[in-house]
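Got a structure for you, questions after.
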Amino acid sequence: MHEAQAIIERVRRVSPTLQRLDVAVDRRQAEIAPGQLLLARTTDSYDPYLRIPWVPVAREQGTVVIERPAYQSYTPGQIVSLLGPVGKAIPLPETIRALLLIAYQAAPTALLMLANAALARGGGVALALIGSAAYYPVETLPTEIEVIRAHDDLEWAERDRMLGWAEQVVAVAPAGFDLPAYTRLMDHIQRLRVEPADGYAYGLFHPPMPCGVGACQACLIHLRGGHEAAACTDGPAFDLKGVRLDGA
Amino acid sequence: MEPNKRPSIHISGGKQTLTLHNPVMGASGAFGFGGEYAKLVELDLLGAWVTNPISLNPRRPASGTRIIPLDSGVLVHTGLPNPGLYKAFRQYGTRWKNSPVPVIVHLIGTSPEEISECAIILEGHEEIAAIEIGLNDSAAYREVRAIVGAARSKTQLPILVQLPLASAPLVALPAFEAGADALVIAAPPRGTARDPLTGRLIGGRLYGPPVKAQALRATGLIASQVKAPIIGCGGIHSPDDARDYLEAGAAAVQIDSVMWVRPALVSLIARDLGGLEMTRPAGSLPDEWSHNTTLPNASTRASIFPSVMPLPPFTPPDDLP
Amino acid sequence: MHEAQAIIERVRRVSPTLQRLDVAVDRRQAEIAPGQLLLARTTDSYDPYLRIPWVPVAREQGTVVIERPAYQSYTPGQIVSLLGPVGKAIPLPETIRALLLIAYQAAPTALLMLANAALARGGGVALALIGSAAYYPVETLPTEIEVIRAHDDLEWAERDRMLGWAEQVVAVAPAGFDLPAYTRLMDHIQRLRVEPADGYAYGLFHPPMPCGVGACQACLIHLRGGHEAAACTDGPAFDLKGVRLDGA
Amino acid sequence: MEPNKRPSIHISGGKQTLTLHNPVMGASGAFGFGGEYAKLVELDLLGAWVTNPISLNPRRPASGTRIIPLDSGVLVHTGLPNPGLYKAFRQYGTRWKNSPVPVIVHLIGTSPEEISECAIILEGHEEIAAIEIGLNDSAAYREVRAIVGAARSKTQLPILVQLPLASAPLVALPAFEAGADALVIAAPPRGTARDPLTGRLIGGRLYGPPVKAQALRATGLIASQVKAPIIGCGGIHSPDDARDYLEAGAAAVQIDSVMWVRPALVSLIARDLGGLEMTRPAGSLPDEWSHNTTLPNASTRASIFPSVMPLPPFTPPDDLP
C-alpha cells in the first residue's frame, strides 16, 4: 500500500458505454489481487476532491486494465497518481470448481478479475446480471463465463439452481443499497442450505473511501458481535455470514 | 411568461408588505446597483433583487481591490464602493422605478444613526419595496438590536437583515426581536488568502459552491430556533441547491456569484423553484435549455461509487427500503 | 453581451509554447471587436471558478481564433460556454498610418486583433516586445508587423523614434503591474511630446473580471477627477491621459 | 534524515513541555488512532501527530455514516466512533510508545467531569506528550472555561484546545485563560449537504482546500488578540498554505485531509517548513519528488490573468514597485 505515479498506456473503447485503460503501474501495485482497489487522482484540480476507486478487471506484467465510462476523457501517456493496493483479496479456494458471481443493480466490473482467476484455476464461472446490470455490455466478457441476465430483481429463473451449483458466491451491489440486496441474497441462500458454510457467500462493500488506510473511520461495516471493520482495510469483500445485515 | 404555479410569499413589516412572486432573488454584492444583469438574465422571473451595499455617504473602492481565485471559489475584496444613498437615487432611481420586480435596497449597517437616516430617506420612495440591512461580522447582541431597532423606528418598509455567517446563530434572535421582518442567512463569509500578484495576505468575501454547506447548516439551525421568515443565501448553483434551503426551513433564497459564472442558471433556478414551465421549448437552441445545467459535475462526483460506475444513473427498485 | 455555447472546431499547435483554437461562436459574439473579451467556461467543474478571459487574435465568418498555452488540453468538437463580448472596442482612427503596440512583460495576444485591423486599413504596425514578452514566438505574427524585441525594460533602443513615428500607441502589461508600467510609458511620452493628444496612448487593463457586466465592482480603474470606471464595461482600453496612474 | 534547520517549538504546560522538531503535525480525525499512516508518510518528519477523537466511554459509529462529495471538498459524518480511552490504550498503547514523534491524544470535550477523568487517566502515561481537547460548536464562554479548567486542574501535560471555526473568536480567550497552553484554529467546520444515496440532508465535518480562507482569517484575528501559541489548521494542501498560517501568526500547523488525497504532500510540507533538504535526490523517481506538487492547479488559476497567459510565469523586474 503506497502512493505512486502510473501511466495510461492505451485507451480502448470496448463498447458504446465503456472504455478500458491499460495502465502501467509500479511493481508493488502490479501485484494487486481480485477485490483490491486502487484510489486514483487523474488531475491537479481538487475537484473532485476524493480519489476515485479503480478496480482492475485484469492485470498482466506490470499493467492493470481499468474500466471507465466512455464519456470520460483519458489520454495515452497521461500520468495519474494511484494509492494502493487498498483492501484485501477476495478469498478464492485453490481448487474452485463452480463460482457464482452476482452483479445486482451495479456493474460487474469489480468481479471480473476474480472471474478470470477462477477460470485460470479451471473453475466454471457464472455471472448473474440483475436489474440495471443487465445492460452491461457482455461482449466485453470472456466467452467461458456463463452469463444470466434478469431484469426483475433477485427473482431470476435460474437462481436456485445456480445457488445450489456454486461452491462460492460473490455479489456486488451499489453502496447504499448493499445491505438490503445482500439480506435478500442471504434469505434465498438460507432457504436452500439450512446454514451456509463459512466463506460460501461474500458481498463487496464499496462505500466512498476518503483515506483507504483505516484512519478516517468513514467506511465502517457493522459485523456480528457488535464490532466494526473498515471496508478499506478488512474488505471490500466480507463473508456475509459475519455481517450485520440490518446495519445496526 | 408561463403562469406562476407556486403561491406568492409575503413578507410584512411596518405597514407595508413585500410580495415575492418567485422565491428566488438576486443577492446584494453580486447583482449590481441598477439591474446590470437585465440583459443577461430574465429579471422578470425573479421574486425581487437586492442592490449592492449602499452607505449614507459615498465609499471609494479599496485601494487594493483584489480578486483571488481559490479552489472552486473566489475571494473578493472591493471595499464596497458605492455612490452614497443620495447619489444612488439620482444614478439608479429610474432603473429601480422601471424594474419589473421589487427592488430591495441593501444598507451597510455601520451605526444606528446612519441607518436611521437612510431609513428616513428610503421611506418616501415608492420604487423601493424593502430594506436589507447588512451587519458587520463583529456586531454583537447589543449593536445588532440598536441598528435594526433604529431602522424599525423610522420606516414602514419591510426590513430584511442579512446576517454574517460566523455570527448568524448568535445575532438571529436579537435582529428578529428588534424588528427584522425576515432574516437572510447568510452574507458571504469572510476569509483571508494570499494575493498572487502582491504576495500579501488579503481579507475579503468568499463566494462559490463551497459556501453552501455552512450556510445551509446555519439556515437549518436558525429556522428551528427563530420564528422569522428565513431567506437562504450562499453557494446556490443549481435548482437542487436552492431546494435544499427550502427543505432546511427557508421561505425564499438569494443567489449570488452563480450569476457571474453561469448566468443562464439564474432563469433555470427561478423557473424550477417558481413552478414555471421547465420543458425545453420546441426549436430552442441548446444555450437556452440544458438538462445538464442542473447537475454540473454530478457525473464526476458519482465516480467515487465504483459499483455504479460504468452504468447510467440508476433508480433503486420500489421494493427496496 | 450574452451567454452562449460555442464549439472548438480546430486546435493547432502554432509554436512550442502556444496553440490556437478556431472557435465557432454565435452571430452576436462573432461581431467581437479588437480589445473586447469573451469569458469562457470550458468544463462542468467549478474549479477553476471564475470564467477565463479569452481575447481573440482574429475573427472571420462566425469563427474567432483564441490563443492558449500549449500545455492546456482542448479537443475539436468540445463545447464551451462564452459570455461576451465584454467591454468596448479599442478606438482606432479610420485612417491610421502608424500604430505602435507595446507588450510589456506580457504576451501581445490582446493586441493582435488590433494589429490586423490596422494592417487591413493600410497602416503600418510596429510591435515592441519588452521583457518576458521578448520570448513570444514571433513566427506566429503577420510578417507585415515590424517586431522590436528588448529584454531590458522600457529602455529599448528604438523607443523614442517609434514613439515619434506612431499616431497611436496601445500597450498591454500584466494585471498588478499595469499602473507602474504605464506610468513610465507616459513619462517617456511626455518627455517627447509636451502633452500627448487625447487618444494618443491607450493602456489595456486586464484585472480579473468576476462578472463582466459592471455588477461586482471588482475591476474598477481610478480615473482623473476622482471617479472610477469598470474595466469590464468601460475598458479594457483606457486613454492613459485620463487614468490616475498612481492608483489612488 | 537531514539535519533540522528550523529551531524547535516548545509548548509548555503544567510541569511538562511538548517539543516539536517540525512545525507540521497530523490532525485529529484524519490521521487515525494508531499511526495508520506510518506506511504512507514519513512519520518521523512530523513534529507530532494527534489521535482521532477519543471519549471516556466507547462511541459506536453513526448508523448513517455518510461521505458526501462537494466541490473541491467533502462532508464526513461518522459519529466519531472510538473504543473509549481505556480500550484505546490497550489497542494502540504500544504503537503510541513506539511512535518516532510525540503523540497527542485528542479528547472529545463533552463535560468537565468526563474531561477530568480522562486527564487523570492520561497523567500516568509517558507515551502521551500532550492532550488536545475538542470543543462542541455550541460550547460558549462558561462551558469552555469549565471543560478546559477541569483538564488543567488534573494534569501536568501540555493542553492544546481545538476551537470550532464558528465560535473560535469568542472562545479563544476563555480557553486560554482557563489553562490552554496552545490553541488549535480550527476544527473542521460543520455543514449540511444532501446525501445522494439517501436523498436526506446530513450534517457533518467539512474538509478540503476551501476551508483554508476562513480558518486563516480566524488564525490572524486570534493571533492578534490572544497571547497563546496558535496552531493553524484547515485546508492546508501545500507548503505555501502552511506558510500562510505561520505568516498570519501561527507557531505550527496541523494538516488533515490532504493526507487522504495526496499523502506524498505530507513529507513535502514537513520538509519545506522544517527547513529540511528539498532538492530532488539524484536518481529519485518522479513519485518521490515533484516540483509540481507544491502548486496544484496554479497554472489553471493563473489563466484568469489574460495578459500573462501564454508565457511562463514571470518575475517582475526589481525596479518596479
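By letter and in written order, the chains are A, B, C and D; residue numbering begins at 1 in each of them.
Just so it is clear, a residue touches a chain if its C-beta (ideal position, glycine included) is under 8 Å from a C-beta of that chain, and two chains touch if they have at least 3 such contacts.
Source: prediction; values computed, not measured.
Novice: What chains do subunit B and subunit C have as common neighbours?
Specialist: Touching subunit B and subunit C alike, sorted by label: A, D.
Novice: Can you name the chain that lies farthest from subunit B, using the mean of each chain's Cα atoms as its centre?
Specialist: Most remote chain from subunit B, centroid-wise, comes out as A.
Novice: A-D versus C-D: which has more C-beta pairs touching?
Specialist: Comparing C-D with A-D, the pair joined by more C-beta contacts is A-D.
Novice: Per the centroid of Cα atoms for each chain, what is the distance between subunit A and subunit B, given in Å?
Specialist: About 45 Å, centre to centre.
Novice: CA centre of subunit A versus CA centre of subunit D: separation in Å?
Specialist: From the centre of subunit A to the centre of subunit D is 34 Å.
Novice: What is the distance in Å between the mean C-alpha positions of subunit A and subunit C?
Specialist: 53
Novice: Could you check subunit B for residues that touch two or more other chains and list them?
Specialist: Counting only residues that touch two or more other chains, subunit B contributes 67, 69-73, 208-209, 297, 299-301, 304.
Novice: Residues of subunit A touching 2+ other chains?
Specialist: Where subunit A meets two or more other chains at a single residue, that happens at 45-48, 50, 175, 177, 208.
Novice: Quick one: do these chains touch in a line, a ring, a star, all-to-all (complete), or other?
Specialist: Per interface graph, the chains form a complete graph.
Novice: Inside the complex, what are the residues of subunit A that reach subunit C?
Specialist: 45-47, 73, 75
Novice: Looking at the complex, which residues from subunit D come into contact with subunit C?
Specialist: The contact residues of subunit D facing subunit C are 71-72, 297, 299-301, 303-312, 314, 316-317, 319-321.
Novice: Can you check the complex and tell me which residues of subunit D touch subunit A?
Specialist: Contact set of subunit D toward subunit A: 29-33, 36-37, 39-40, 52, 60-61, 63, 65, 67, 69-74, 76, 78, 80-81, 197-198, 207-209, 237, 257, 259-264, 285-287, 292, 296-297, 299-300.
Novice: Using the touch rule from the top, collect the residues of subunit A that touch subunit B in their complex.
Specialist: Spelled out, the residues of subunit A in touch with subunit B are 17-18, 37, 45-48, 50, 52-55, 67-69, 71-72, 105-107, 109-110, 131-133, 135-136, 153, 172-175, 177-178, 180-181, 204, 206, 208.
Novice: Which part of subunit D faces subunit B closely enough to touch in the complex?
Specialist: Listed in rising order, the residues of subunit D that touch subunit B are 67, 69-73, 75, 166, 169, 189-194, 196, 201, 203, 206, 208-210, 212-214, 216-217, 220, 240, 244, 247-248, 297, 301-302, 304.
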